[in-house]
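Structures are listed in the sections that come next.
In the two complexes below, subunit A is the common chain; its partner is subunit B in one and subunit C in the other.
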Partner chain A sequence: MSAASSSVHPASRPRFYQTTRWRQGRDFYLFVSPWVVGTILLTIFPLAYAFGVSLTNWDGISPGFRWVGFDNYAKVLSNPETWASLGRTGMLALVVVPITVVGSLVLAVLLNNKVRFRAGWRTLIYLPAVVPPVAATLTWKLLFERDSGAVNAILGLFGRDAVNWMTGQQVFIVLIVVMLWGIGGGVIINLAALQDVPQELLEAAELDGAGHWRRFVSVTVPTISPVLLFQFVTTTIGVLQTFVPALLLSPGSGAAAITSVPESNRLFMIDVYAEYFAFSRYGYASAMLWLFFVVILLITGIFFKVSGRTVFYAVDPSAGGRND
Partner chain B sequence: MGYNASLDRRSFLTWSAVGAAAALAGCTTQGATGAGGAGGAGGKGVTVMGVADDFPKDLLKIWNSKHPDLPVKIIAYDETRLNAMLAAGNPPDLVRGLGAQQAGFLASRKIARPLDDYIAKSSAFKVSDLDPVNDVWRWDGTKQGEGQIYGLTKDYSLDMMLWYNSRLFESVGATAPTAERPPTYDDMLDVAKELTSVKGGKVLRYGMWSTAPAVEGIHAMMATTGVPLFAEDLKTVDFSSPEAQKAVLWLANVAKAKVGYTLLDPNPDGWDWPPFSVQREAMAQAGYWFAGAVAGGEGTGKWARLAPAPMLGTKRVSPTTSATGHWIPTKAKNPDGAFALLEWFTAGEPAVARAKSGWGIPIIRSLASHLPTAEPFQKEALETQRAESQYATVLTFSPYATVTALSATVAGLFPQLVKGGMTIGQFADQANDKCNQLLAEGVSRVGG
Partner chain C sequence: MTDTMANSLKQAKTLRDPTIDPVTVRQSRPGQDEGDRRERSRRHRPSRVVFTILLVVSLLLLFPVYWIFVTALKSPNQLASGGTLLWPAPAHFENFIHAVTDIAFLVYAANSVFLSTVSGLLTTLSSALVGYGFARLRGPGKNVLFGVLIAMMMMPGIITLIPTYLLFARVGLVGTYWPWVLWGAAAAPYLIFLYRQFFAGLPKELEEAAVLDGCSQARIFWQIFLPLSKPVLVTAFVMSFAGVWGDFISPMLLLDNSNTTLAVALTNGYVNEKGFPLNNLIAAGAILYVIPLVLIFVFIQRRYVQGLSATGIK
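Right after this comes the complex of A and B.
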């Protein structure tokens, strides 16, 4: 056998597009690309565009506008109405967020028990969450209508005078009711989390003599704490950005509706809308939005910072996703 | 490692950004504005931003048979969308608008196209055929009512006139207003107090029409005093004049008296017809056009009567504050097609149909002969309207801020005035500061 015929040829080096690593990279990027492109198109670009607009005095349609630097930001911060609407928005969040998170947890715990017609109860509680917010708001508006609404009809049965729910401080109560209407969404998330609580932990605690409440506080809540944090953060952001229900509870339509939003429902996003489309101050409104973005970012950051000691992850997030 | 160099994270993100930017560039002029359709893109048709009811299908069939090359696409009027389309340089070809309130605003920003050359060439009508009310669409650079024409009114009314329920007026022995003797605002407040009925906190009937501290309304009320709300150069307003304060205080008194829907007790229907038609409101502030609604109501013609515009002062005038019509954007893709449609809409079959329905006074004067008189109330309403027309006047609004913006500013202060949180003097000072700031911003953008 000649040396040539007996020698083993080394495997030819694979081309770069034939490697597993390249294929894995390609697949990864193909899968994430819709999200990345979407984020650039629908988030990064609008944010950058709004930031550019916030540095001008543009009114949305006039060809002539000029660069004003950070004047709009200074005006927003020095305007007492900014702080008033932020205060109202904060108040709404203070009321709605705890009730939503705690209420949805309580309902989920109840529905997690073996009660009769459990599937029916779950459906009933979740159903409002799938009703479009616009339809839900308009329905509540009809129910709270002073002269022909069901709420005042019930009050009338008890000999109480009708209340004008759509004005003054009362309309803020109606807004809270509308916001709490969709609590079923949180119930479903909590229910899924509750069903994921390891039974062995609960049984071990029971063997150690822990009662229902102790097991709930010391086992269930810590185990589902990441889900509760998620709900807390997303509900807070959602409530801070409340716009449609507050606008729909006013009688007008379009930009002119802004003139009839009662003061107690003049939330921050309502003011932003008014500045854009009623007052045509696109630069000023964009500055409001950017400042609000920063505020929400800070609040979210604080939540995560504070949650470090109270939220427990089954997988240590600092391990970079590895379960080792 | 080198194999992955062409697809690392950094290059992926870079190319994503480039792709996204390219996609954005492509959609800015079309997709984002959604104006692609009939006239927006290729000038093959006419895109109208307006109200579909203005262009009923049976009438559009007539148009299509005459102009098969100019299909009409109607998109619902939406101020936000219009702004986006204008900003993207791809506006509709024809837009609905309020001539009285918007002509100066649109013309001074060069958003609307002058129509004088088109009208001069029109075979359907001449400038002399137009009712003088259409002059609200004129703007000469500083003044409304003179200069080039920037739009055409479809039909109009004298918007401060009243409709009242004659049976309810009789029931409380109230003197019905006549064409010769217009009511005063204070008279109407007194009558409204008599006619309002509340039980258990629920309103069975309001005596007054729905009121709001809208700038156009205050401006119109003040017109009967001879003192305008706007300064002559239209760059400022003055709420501190006795006349302005009188108008605002009257509105506040209505809200305090709780005799009608107000900003603090909003009309759930948004306009007067629903409560008026079921006799839950004894009065409605609307011009002749309400006759169209009355004709369609069940038995409303038996008791609904038109009255002259109320007076705040002693100068008898009856203003038009809207003069609804259409304008053609400067950057419209198919202005010729748009005017052809507007010409037909103003003087052709749609104009005749509108005149016969009684939903407003036609802007082409000769078409007034079609206004309905079959029902006694229609005949009476037309007589009242004709008597009132000698006092017709067109109000001038500032081009430097929209009426919506000024009204929103005033509305923000009004509840405090009603609740006693501020005096009328304080209200006037704050309204002046805020409104004049808005107007100053407009001046800085437009020049003037």
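Right after this comes the complex of A and C.
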């Protein structure tokens, strides 16, 4: 009796580290610690390190360096090549992102019809998306090969001269084609989203006299808009960072490849990589890296800001699991 | 409001008897009998147009696959003469043997298998742990961390990779497989999100009895939740395995010719004495490199798609 009454007395409350709240918090942090520690060590710290390097004139090899403040940033911004490669990268995104997002939506809508061999079509269209960038680029390089490639062979059938695809502006077209080959990845995601659009809503709209197009625009698109936004953002970020296809479409191989990338394919990350590992200008390259990081953050931020009004969430995305 | 609507719609769906509702039957069952299909095609008549578009798109997407096989089966002379789209005659199947023997293909393949498996297993498990934490446990700052997690899903990969390489070089990890162990143990935001959505959807009763019995969270996770998450485990493993298998930049930066992966070896191994690329062997090697991925995806496609749609990103 006295023991029970003393246990509710404020003076003998269990110590903080004995409370359920503490234990739960401890468990939570134990469980998420791999990711928290990993993010600090493998993402935040490297970025901070790169920022530090960007304030120096370090060449990556010699032990000595000098702090130069924001000189590297001024140099990057005043270098015309910066704007040229940003322009090329932006152009690639302007071509590839809309075609990928809209194209994969159209293909998904077609596949969502009751067409014969649906599963077969889906697999065939998805197949190229499974091919890693290295193999995809090598494959297209063989197709666009000057003497033995299929593209020039087809042009030959129409009496056209062989084109040298690996130089000049042409190689930018090859790069675009490589990027578009993976369109099937988006198709699969869109297809899954389309199958979750409530049939009842579509039927109700049909009863109200809405045609195919009207139902698509007013019911389907709003319902799957979160998926479309996510795809739009991730595709944009992915395309802006394009590196491997542009590198492998160069005539050189190994360490020589990076400096032999044709001018029209010198995307921003190609320039960054070359500044680091071909020209050993670590300070300057780190400044480029950070500027690009900020640019990508800004673009992502703008997308989400704009989408706040246009994207429809059936479930509040900020609502958490059962504990929130 | 939308929630209640969705609920009532779901109810209507389960209550309705599909056998007495021809509209639902037609809408929801693929592969109907002949009469139904004919009636439908008379009404909408989309099939033939759709069929044609899909055929053209598929041919465009699959022509490169045909061509890489054509290239892989040509002799250097056949390659040089060019100009034809036809299947090579004679077909030089021995190119595949050369692709495996002219470079240390099997060694590079073993490196790829090893790295992808180790990293895949670690990522699968660590992401499950973190996803469980976010789904079922409570702690101060959880919402902020979850916001950071979402932001990390958008994190540009190559931008962090280069400075990470510089740091690994300083601590002597370049040329070793340790970076992949670290990346694996650090979990992947996208997979964490996948697990989190899955675990958050499981009923509360699952762990209640165990908690009352004084069971630790580690045991609840290991013995109750992890066995339930098999479909997600498979998806997560395949995605992370394929990610490492296909990765080119990290092994190019971090490994050397003696211990690199197939992805890198493909791009610089197949050259003749004068250093010119041997396109037929590159093609054959690339086919052998991609086949495992294609097989995995064809076999687990359904599960993989389910896993993707379970994320709720959609």
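FYI, the second predicted complex is superposed on the first by the 283 of 324 C-alpha atoms of A that agree within 3 Å, B and C clash if a C-alpha of one lies under 4 Å from a C-alpha of the other, contacts with A are read in each partner's own complex, and residues count from 1 in each chain.
We take it that a contact is a pair of C-beta atoms (placed from the backbone, for glycine too) under 8 Å apart; a residue touches a chain by one contact, two chains touch by 3 or more.
As the structure is a computational prediction, the values presented were derived from the model and not from experiment.
Trainee: Contacts for A:36 in the overlay, against subunit B (first) and subunit C (second): which applies, first, second, both or neither?
Mentor: Both partners, subunit B and subunit C.
Trainee: Quick check for you: in the superposed arrangement, does A:300 touch first (subunit B), second (subunit C), both or neither?
Mentor: Touch status of A:300: second partner only.
Trainee: Just to be sure I read the superposition right, which of the two partners does A:163 touch: subunit B = first, subunit C = second, or both, or neither?
Mentor: first
Trainee: Who touches more of subunit A, subunit B or subunit C?
Mentor: Comparing touch counts on subunit A for subunit B and subunit C gives C.
Trainee: Touching A:208 in the superposition: subunit B (first), subunit C (second), both, neither?
Mentor: neither
Trainee: Once the structures are superposed on A, label A:196 by its partner contacts, choosing first (subunit B), second (subunit C), both or neither.
Mentor: Once the two structures are laid over each other on A, A:196 reaches subunit C alone.
Trainee: Who does A:131 touch here: subunit B (first), subunit C (second), both, or neither?
Mentor: Touch status of A:131: second partner only.
Trainee: Classify the contacts of A:45 with the two partner chains as first (subunit B alone), second (subunit C alone), both, or neither.
Mentor: both
Trainee: Could you tell me which stretches of subunit A are touched by subunit B in one complex and by subunit C in the other?
Mentor: Touching subunit B in the first complex and subunit C in the second, residues 25-26, 29, 36-37, 41, 45, 60, 145, 147, 152, 156, 253-254 of subunit A appear in both lists.
Trainee: Across the complex, what residues on subunit C touch subunit A?
Mentor: 2-3, 6, 9, 12-13, 23-24, 27-28, 30, 32, 37, 40, 46-47, 50-51, 53-54, 57-58, 61-65, 67-68, 70-71, 74, 79-80, 82-85, 126-127, 129-130, 132-140, 142-143, 145-146, 148-149, 152, 154-160, 162-164, 166-167, 182-183, 185-187, 189, 192, 196, 199-200, 204, 217, 221, 242, 245-249, 263, 266-268, 271, 277, 279, 282-283, 286, 289-290, 293-294, 297-298, 301, 305, 308-309, 312-314
Trainee: Touching subunit C in the complex: which residues of subunit A?
Mentor: Touching subunit C from subunit A are residues 24-32, 34-39, 41-43, 45-47, 49-50, 53, 60, 107, 110-111, 113-116, 118, 121, 123-128, 130-135, 138-140, 142-143, 145, 147-150, 152-154, 156-157, 181, 183-184, 188-189, 191-193, 196, 198-201, 203, 224, 226-227, 230, 233-234, 237, 240-241, 243-244, 248, 253-254, 269, 272-273, 276, 282, 285-286, 289, 292-293, 296, 300, 314-315, 320-324.
Trainee: Subunit B touches which residues of subunit A in the complex?
Mentor: That would be residues 16-17, 19, 21-22, 25-26, 29, 33, 36-37, 40-41, 45, 57, 59-66, 141, 145-147, 152, 156, 161-164, 166-168, 250-256, 258-260, 262-263, 274, 277-281 of subunit A.
Trainee: Note which residues of subunit B are touching subunit A in the complex, please.
Mentor: Result: residues 2-4, 6-7, 12-13, 16-17, 19-21, 23-24, 78-80, 83, 86-87, 109-111, 200-203, 212, 214, 263-270, 401-402, 404-405, 407-409, 411-412, 415, 438, 441-442, 444-447 of subunit B touch subunit A.
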